[in-house]
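Residue numbering begins at 1 within each chain, and the chains themselves are lettered A, B, C, D and E in the order written.
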Amino acid sequence: MTSLIWLAIALPLASAAILLCLGRRADAWGHWMGVAASGGAFLVGLGALIELLGKAAEDRAVDTTLYTFIPGGDLHVDVGLLADPLSITFVLLITFVGTLIHVYSVAYMEHDPDRRRFFAYLNLFVAAMLLLVLADSYLLLFVGWEGVGLASYLLIGFWNQKREYATAANKAFFVNRVGDIGLIIAMGLMFTSFGALDFATVAEQAPSATTAQLTAIGLMLLVAACGKSAQFPLQSWLGDAMAGPTPVSALIHAATMVTAGVYLIVRSAPIFDGAPDARVVVAAVGAMTLLLGAFIGMAKDDIKKALAASTMSQIGYMMLAAGLGPIGYAFAIFHLVTHGFFKAGMFLGAGSVMHGMKDQVDMRRFGALRGAMIVTWVTFGLGWLAILGIPPFSGYFSKDKIIEAAFVGEGWQPWVFGGAALIGAGLTAFYMSRLFFMTFHGKARWTDDQHPHESPALMTVPMIILAVGSAFLGLFLAVGDRFTHWLEPVTGHAEHHDPVLPIPVLIAATLTLVVIGAGIAWVKYGRADVPEEAPAASLATLTARNDFFQDSVNRAVFQRPGQHLTRTLVYLDAAVVDGAVNKQARGWAGLGEASRRLQNGQVRTYAATMLVGLVILAAVIVVGGL
Amino acid sequence: MVSPVLFWVVALLTVIPSLALLFARKAVHIAMSIVCVMVGLAAAYVGLGAPFLGVVQIVVYTGAVMMLFLFVLMLVGVDQREDLKETLRGQRWIALFTAGGLAILLISVIGRVSISPQEEQVGNPEDIALVLFDRYVLVMEVLGALLITAAVGALVMTHTPRLLPRKTQAEVHAARVLAGADPVNKPMPGVYARHNALDVPALDPDGNPIEHSVSRVLEVREQMSDGDEFRARLESTANPEDHQNPQAEAEGEK
Amino acid sequence: MFPFLTILVALPAVGAAVLWALPASARGRAREIALGVTVIEIVLFAVMALQFDKADAGAFQFSETYAWIPQIGTSWALGVNGIGLLLIALSVILTPLAILAAWREDKDVKARRDYMALILLSLSFMVGIFAARDVFLFYVLFEAMLIPLYFMIGRFGGVQRRYAAVKFLLFSLAGGLIMLVAVVALYFAGPGGEQAFLTDQLAGALELTTAQERLMFLAFFLAFAIKAPMVPVHTWLPDVAETARPGTTALLVAVLDKIGTFGMISLCLVLFPEAAQWAAPGIIVFAVISVIYGALLAIGQRDMMRLVAFTSVSHFGVMILGIFAFQQTSVEGAALYMFNHGLSTGALFLLVGFLVARTGTADVDAYGGLQRVVPVFAGTFLIVGLSSLSLPGLSPFVSEIMVFVGAYPVAAVAVIISAVSVVLAALYILRTYQRVFTGPVREDGPQVRELSLRERLVAWPLIALMLLLGFAPGIAIDYLRDPSADVVAQVTIEEAGA
Amino acid sequence: MNAINFVYLAAILFSIGSAAVLLRRNAIVAFMGVELMLNAANLALVAFSRLHGQLDGQIMAFFVMVVAAAEVVVGLAIIIAVFRARQTISLDEPAELKG
Amino acid sequence: MNFVTPEIAWAPLAPIIIVLGAASIGVLIEAFVRTPATRRSVQLVFGLVALVAALGTAIAQWVALDGGGTVVQQFMLTVDRQALAWQTLIVVFGILGLILFASRTRAGESAFTPLGSTAPGSIEETLARRRGFEVTEVFPLLLFAVGGMMLFTSVTDYIFLFVALEVFSLALYIMVALARRRRLMSQEAALKYFLLGAFSSALYLFGVALIYGATTQTSFAAVGRAIDVISGRDALLLAGVVLVLVGLLFKIGAVPFHSWTPDAYQGAPTPVTAFMGAATKAAATAALVRIVYTSLYPLEWEMSWLFWAVAIASMALGTVLALVQTNVKRMLAYSSVAHAGFILVAFAGFTEEAVAALPFYLLAYGLATIGAFAVVSQVRERSEDGAVGAEAVRLGQWAGLGKRSPLLAGAMALFLLSFAGIPLTAGFIGKFEVFSAAVAGGGWPLVLIGVIASAVAAFFYVRLVVLMFLTDIPEGAEDSIEVEDGPLAKLVIVVTAAAVLVLGILPAGLLDVYADAAQFLVLPNG
């Protein structure tokens, strides 16, 4: 099946193309074709998985070259798909979660006249994402990378008749592109250093490259990862991206696309292996983002934005893990997978809530929804437990490993990174619990015209499946380090190091913090009344609520000066660059007007010019000739 | 060797009159000065061993060219008098400086030349003819074309053919009478005057002066008398009827 | 050998002559005739292209050489290598589309006939220029082409068209005349004789002092820099774009301006490799300035035609960067970009033109929310716009990335700065899309119809080509590899020698 | 005395003639200036002819006279025509053609 | 007395003799054919026959010529290939000019005043017009001018050159004064042209005197030989050379000796402007080439300064002045000044290429000039009562000419493009040749300036094209312009336009011819 892995990309792509080209004619059945395409891709992935499992661990990398992409003289890039444990993991995650979300969307988008287009975009996204993870070269990865960016742009801006939504879509694309610069430069660096852009050559030659080269490449890859994975300082787009339909948030902004950065880092392990400094920066960015996201999450009242902040924070964990090097790669991916399930589940839950609440997103208007939507409550609850890291739910297995790994090392690093991870766990517990309690518990704060009700089966079934995953996938994969071993051919085998604190202490500390966090949340939002309007808050809360004023900063640092710059340039272009030309033209004419005075119509002046000319010429030549 | 006396005579005879070109106000004076220059040059030619050319110079320049100039001057008004005030800004200085510069340049250039004089060859008509019809015969022939061109050109520019059929004297007279002119001739100037009076206008039968009976030349020279004096003299002596002429009285009061 | 190239050059010219000679009664058929001529041209070209030997793409093929003015060493020498072939392909593809785009532009039959004839005439010159193997012939066509173009701009277009036409002409002429000095000098520096201007004879055979070579290089380069609008000699382009008919602008920017970059590759580098080496750092600086400056100015425009013009300034900067990095990959990328940019910008101009044809304005602020009104138009526009911001999957991406990656080893800083344009491109394209097509449907806005069949026939083939080359750029790169290698070898051999 | 002195004289006359062309408004006078220049050239030719012991210079002067005469005819004809049209021969007057 | 009949080879003089002879007979025709209308036809046919015959004999000579040419008379006159090339050029211009001279408007008006001696606006003028008078003397005058110019290109003696100069100058002075419309201007132009012309010929003559003084010679080759020999007279020689060159530069119309050009071009009857613009420049260039290459070239170094300065000044001043003109004829006149500069560019370095390049350049320039002025002569003002009047020379009046008469405007555009040196016109090849010659002689800075001047010049050429094609006829002015279509003028326009195109696209044949012409029979050193 690995040789047919291209079908996984081709099916959704073809579906997207058909849906877009046929237009309204496909309205009736288009969404089901979308589901089928995504499901088909899942089956292809499953087949590939089975095939890989049937092979010896070291043979589990099958590179299929379809055709030559760029047959340049120096730069040769093939369209090659690499099916190895890492990519297949992603393929399965994407297609599985994706298919569920497709199914969910059939119902969620039922009343939207453009549902067909929505499915086309979803399919396009799946195809691009699969290309991203299956590509066997950075260039091809970049194609998928930009493709998911495009799909994300289209999906965020799906309701672009609302101005803010269109702006949000643009913002996402711009910020992603800032990250893309990093990838482009990284490719330039790789081409300079290795003369090729495919993973195999890069991995092969990386050990012989200098640390400086590798560090540079690593940092540039990090920039790219930051853009796509909404890591500091390129995190600002993710919150606004919630403008898109909720399934989009679940699929793209929780389970798949935002994790592409992590994938990129892990995929570039050979480079980071030789660049410890770059790794530290990756870890630092991760640590920073995980805290930042957590703080933002604590202050948000918009359920989707709170989830988005949570996503940021969780990806921070993954980045942190990826930054730890070989000991963290596998855990990063592990957490990525579990997070994909529980966060997607929670987003779908949020969508279900919105579905029942007439698209209301303000948690202060929720409360006591447990009764009205029991399935949502249960599934969401499982996700909540998972993200909190309560054993034995999946989050526990993945997150705890990261916290443990973060404490490994020497000097200041374990303390800082480990501390951040640990505190993050507590904060996560608080804000997730706050979210959960504000939504499902406490008093009902909704208005009279809202009649919360459970969503149809098409929506709840995917939620249930994801909830099951959230609950048990971690355990299933963690048993016997199944997942770590599976990934080993890619991430390499990590020597086991002991953390600076004993593991049981760490587990205990984590759980304690989690419980404290959840407890505070219960006290403040579960038991107590939640005001319907956000109360006046401290500066800290305000800061967090406003995403640490990231937009203001961006506006002040980039947007405003940029606008001034462009305006000034437009003016200068007309006045100076073009003006010089026009002035010069006028100068010639002025010269003409001036010379005209010599031609005054007086024959005596004419004779005088002649004679003056003659005398000057004669004098020069006679005197010069002597 | 050329006689220094000749040189200085020629130099004075040419340079001084030629300065009239720059400073004289009346065109006629200038023309006459140039005639003088031409004669001086003719003398120089003779002195330089070109007697034939000297003669030709007199004949062509003094006799023909300058007379032509004078003729045209007469035609356009011999009273042409030029105001030497310069109308173009800076023109005078430019002119004097460049002409002076040209002179200095030429003189300094000539001053640097050393030409050892060869044996004199006198250009008597025979020798000239020999060279002229040998080496320069083609030029001679082309000069024919030049002269034709000049003649045709001058004709085109100045000759007016008869545009209307010639009128007989009777016709002319009839036309004049019809136009209300005097049937008789106009009086000559100086009529009734008591001295040689080309400059005194004639008086019409009413005793008023007829201004245009005096030559325009005199008028321009401001040598014309207005005739009042003579009329007054007439009045004091002549018959008293004239006093009854109201027009004359008005004229007198003026 | 069948004289393909001469016929390709002559056919449109003959077509133009036929149009002008048409009796008054048949003038109404002018556009059909013009279209027919271009279709025949495409077929002929296709037949020729199929016979092109890809394995020998670096050499001139279908060469024809006839004595023209032996006294001054020039001959009617045509021939194409891979790059020329691709650009001729671009010309023959875009011309019928421009004709289609102008199908309903003129009410007046006579004016329509004139426009069609002018398009055909310029096609003839374009093909000639890309096929010229003789510097003098190249120059002659290069300058003569200004005439039909001048009339196309000056007679058909907006209010400012005369100003724009004169500006265009004077800019081009100024560059061209300075180039003329170098062309003249070339004769004396070269081997002379009756074929003194053949490029293959001149390359490497010039006897020049360093200073002379540099001056001549600069003279050529200036002319080409004006053509391929490079800051600071770009100002004619926005004015022309704003006022000229979209079809004209599309042809102008998509094909004709490529003469600039084409000339840089096939004349500047080939004839004056050493000077090119010398000038490259400075030129790269200007190229980078063009990239960023063009993008920033594009962001600052309200008029979409001007905006697209400025994006072209930016894109041409990338091409020039690629060319003067002297790397196999970057030169390939630049050459490929020439083709791709023709497709994408041509399509963009034509689409904006369709919009203008509906409402009479290219001001972005006049629009809003059109996606809900004309979804197909919006989608088409978006795809074309995305191609302009070099989105993967669409052909310009491949070329841009090839330039960036290829030039990186020698011009890292330049690439890094230029890479900022990736974001800026997103800004100018998506902001435009946002302002025109998204947001609430404007009740007060102009009435806009959906793309007609004719307009789809114009836009979609271009999109199809962009997709094809976006996913399989190898089709085109196969033609560019050898010529690029030759050029790079030419320059680097000199470097080694010097 | 050397005949070269006559060349000096010619140079001075030539300069005076040229100054006249520049200075005088009366067309006829200006034209006389030109004539003086031609005569100066003649004087120089004759003087050089004497210095070189050749007759050629004299012949040339002879030609110049003829040419000058022809020129005078044409020139005066034009001046007369202008006078007829404008009643003036001032060179300052006709200045419609300028700029 | 031993007079030996001088040896003169008359046969090679045949073209000149035919033309001058025909001119003289033309004068007689004036006397014998009484009716003006018949006279015009007779003069036209006769003149054409004569000129064509002259052209034929010249070409026949060229074909029959074995070697460089014939010395007609030792020291005085040589008909070599170079001379023949120029002679044919001038005869061709003469033929075109003659046809233009005979052209008439629909109302039967010729370009010339009915009677030259009448005062403008006088009753006599009206009478003469009513009587159908015609100054058919212009035909023999033109023939004289052509003959003089042909001589001018062939003589090899300074004093002979002076005489030839006067032969064609006098004829031109007269013709300039004979415009039918705007006669005051015409006479003013003639007066200025004449006075300055006389002034410059005086300068030339004094120069000849000085050269004679310095070298004892007046024949080109002899002077050239003497230059190397003489010592101590360099200053005299140089002063003389400058004066002589000034006389010729005046005829070419180079700055600062150009001032007559705009006034004379504007004031003259347009056919005369056409002929004069083309032929005078060619003749003067021919003489300059011959003098520089066969007589003065030992002074190469000294002269190059002069030519460089004058060339630069001409190109610059001619161009910027043309830029601000609002009168078509005046604009073309200033453009001719700039072209004089381009002509002089060829002299940079005094290469052999220049000798081959200049005839072609002048041919291209002359054809375009005649064509352009022929077009000018066809665009007329129309008064409100419908009467067709003088030529519409204000630039604004040309607005929309392309709509009124596309062919005429197209031809004009072609001529303008040729002036501007746009490829595929003869002007481009000419400019290329000239620039090549200059570059060959190391004059590339001159070429660069020339190129910049061309670029600036393009502006005013293009402005007229814009007016003709891209500007609409102004509101209310639809009837104010009448486009004539005199068949003779049309013939001239068609012929010149075709020639400009053909020479622009396929100049090879002619370039070959002129390459052969790049030789002088009599050179100082051999």
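Quick note on the criterion: a residue touches a chain if its C-beta (ideal position, glycine included) is under 8 Å from a C-beta of that chain, and two chains touch if they have at least 3 such contacts.
What you see is a predicted model, and the numbers here were worked out from it, not measured in a lab.
Colleague: Listed by label, which chains are in contact with subunit D and with subunit E?
Modeller: Joint contacts, listed by label: A, B.
Colleague: Tell me, which chains sit next to both subunit B and subunit C?
Modeller: Touching subunit B as well as subunit C, we find A, E.
Colleague: Any idea which chain sits dead centre by C-alpha averages?
Modeller: C
Colleague: Farthest chain from subunit B, going by mean C-alpha coordinates, please.
Modeller: A
Colleague: Averaging each chain's C-alpha atoms to get its centre, pick out the one most distant from subunit E.
Modeller: The most distant chain relative to subunit E turns out to be A.
Colleague: Counting C-beta pairs in contact, which chain pair ranks first?
Modeller: Chains joined by the most C-beta contact pairs: B-D.
Colleague: Averaging only over C-alpha atoms, locate the centres of subunit A and subunit E and give their separation in whole Å.
Modeller: Distance between chain centres, rounded to whole Å: 78 Å.
Colleague: Could you state the distance in Å from the CA-based centre of subunit B to that of subunit D?
Modeller: 17
Colleague: How big is the gap, in whole Å, between where the Cα atoms of subunit A centre and where those of subunit C centre?
Modeller: Going by mean C-alpha positions, subunit A sits 37 Å from subunit C.
Colleague: Of all the residues in subunit A, which ones touch at least 2 other chains?
Modeller: Within subunit A, the residues that touch at least two other chains are 585, 596, 599-605, 607-608, 611-612, 614, 618, 622, 626.
Colleague: Which residue numbers or ranges of subunit B touch two or more of the other chains?
Modeller: Those would be 88, 91, 94-95, 98-99, 102, 105-106, 109-110, 112-113, 115, 135-136, 139, 143, 146, 149-150, 153, 156-158.
Colleague: Which residue numbers or ranges of subunit C touch two or more of the other chains?
Modeller: In subunit C, residues 170 touch at least two other chains, as defined above.
Colleague: Name the shape of the chain contact graph, picking from line, ring, star, complete and other.
Modeller: Graph shape, chains as nodes and touching pairs as edges: none of the named types, so other.
Colleague: I'd like to see which chains touch which, written out pair by pair.
Modeller: So, checking each combination of chains, I get A-B, A-C, A-D, A-E, B-D, B-E, C-E, D-E as the touching pairs.
Colleague: Please give the residue numbers of subunit E that touch subunit B in the complex, ascending.
Modeller: Touch list, subunit E to subunit B: 1, 3-4, 6, 8, 20, 23-24, 27, 30, 72-73, 75-77, 115-118, 124, 127-128, 131, 133, 135, 137, 140-141, 144, 147-148, 151, 157, 159-160, 163-164, 166-167, 170-171, 173-174, 177-178, 210, 213-214, 232-233, 235-236, 238-239.
Colleague: Taking the touch rule as given, give the residues of subunit C at its contact with subunit A in the complex, in rising order.
Modeller: Against subunit A, subunit C makes touches at 167, 170-171, 231-232, 234-235, 239, 293, 296-297, 299-301, 327-329, 332, 369, 371-372, 375-376, 379, 386, 391-393, 397-398, 401-402, 404-409, 412, 415-416, 419-420, 422-423, 426-427, 430-431, 434, 437-441, 472-474, 477-478, 481, 484-485.
Colleague: Within their complex, state which residues of subunit E touch subunit C.
Modeller: 417, 420-424, 428-429, 431-433, 435-436, 439-440, 444, 447-448, 451-452, 454-455, 458-459, 462-463, 465-466, 469-471, 506-508, 511-512, 515
Colleague: What does subunit D use to touch subunit E in their complex?
Modeller: 7, 10, 14, 17-18, 21, 27, 30-31, 34, 37-38, 40-42, 44-45, 47-49, 51-52, 54, 56-57, 60, 63-64, 67, 70-71, 74-75, 77-79, 81-82, 84-86, 91, 94-99
Colleague: Considering only the defined contacts, which subunit A positions touch subunit E in the complex?
Modeller: Per the touch definition, subunit A meets subunit E at residues 585, 588-589, 591-593, 595-596, 598-599, 601, 603, 605-607, 609-610, 612-614, 617-618, 620-622, 624-626.
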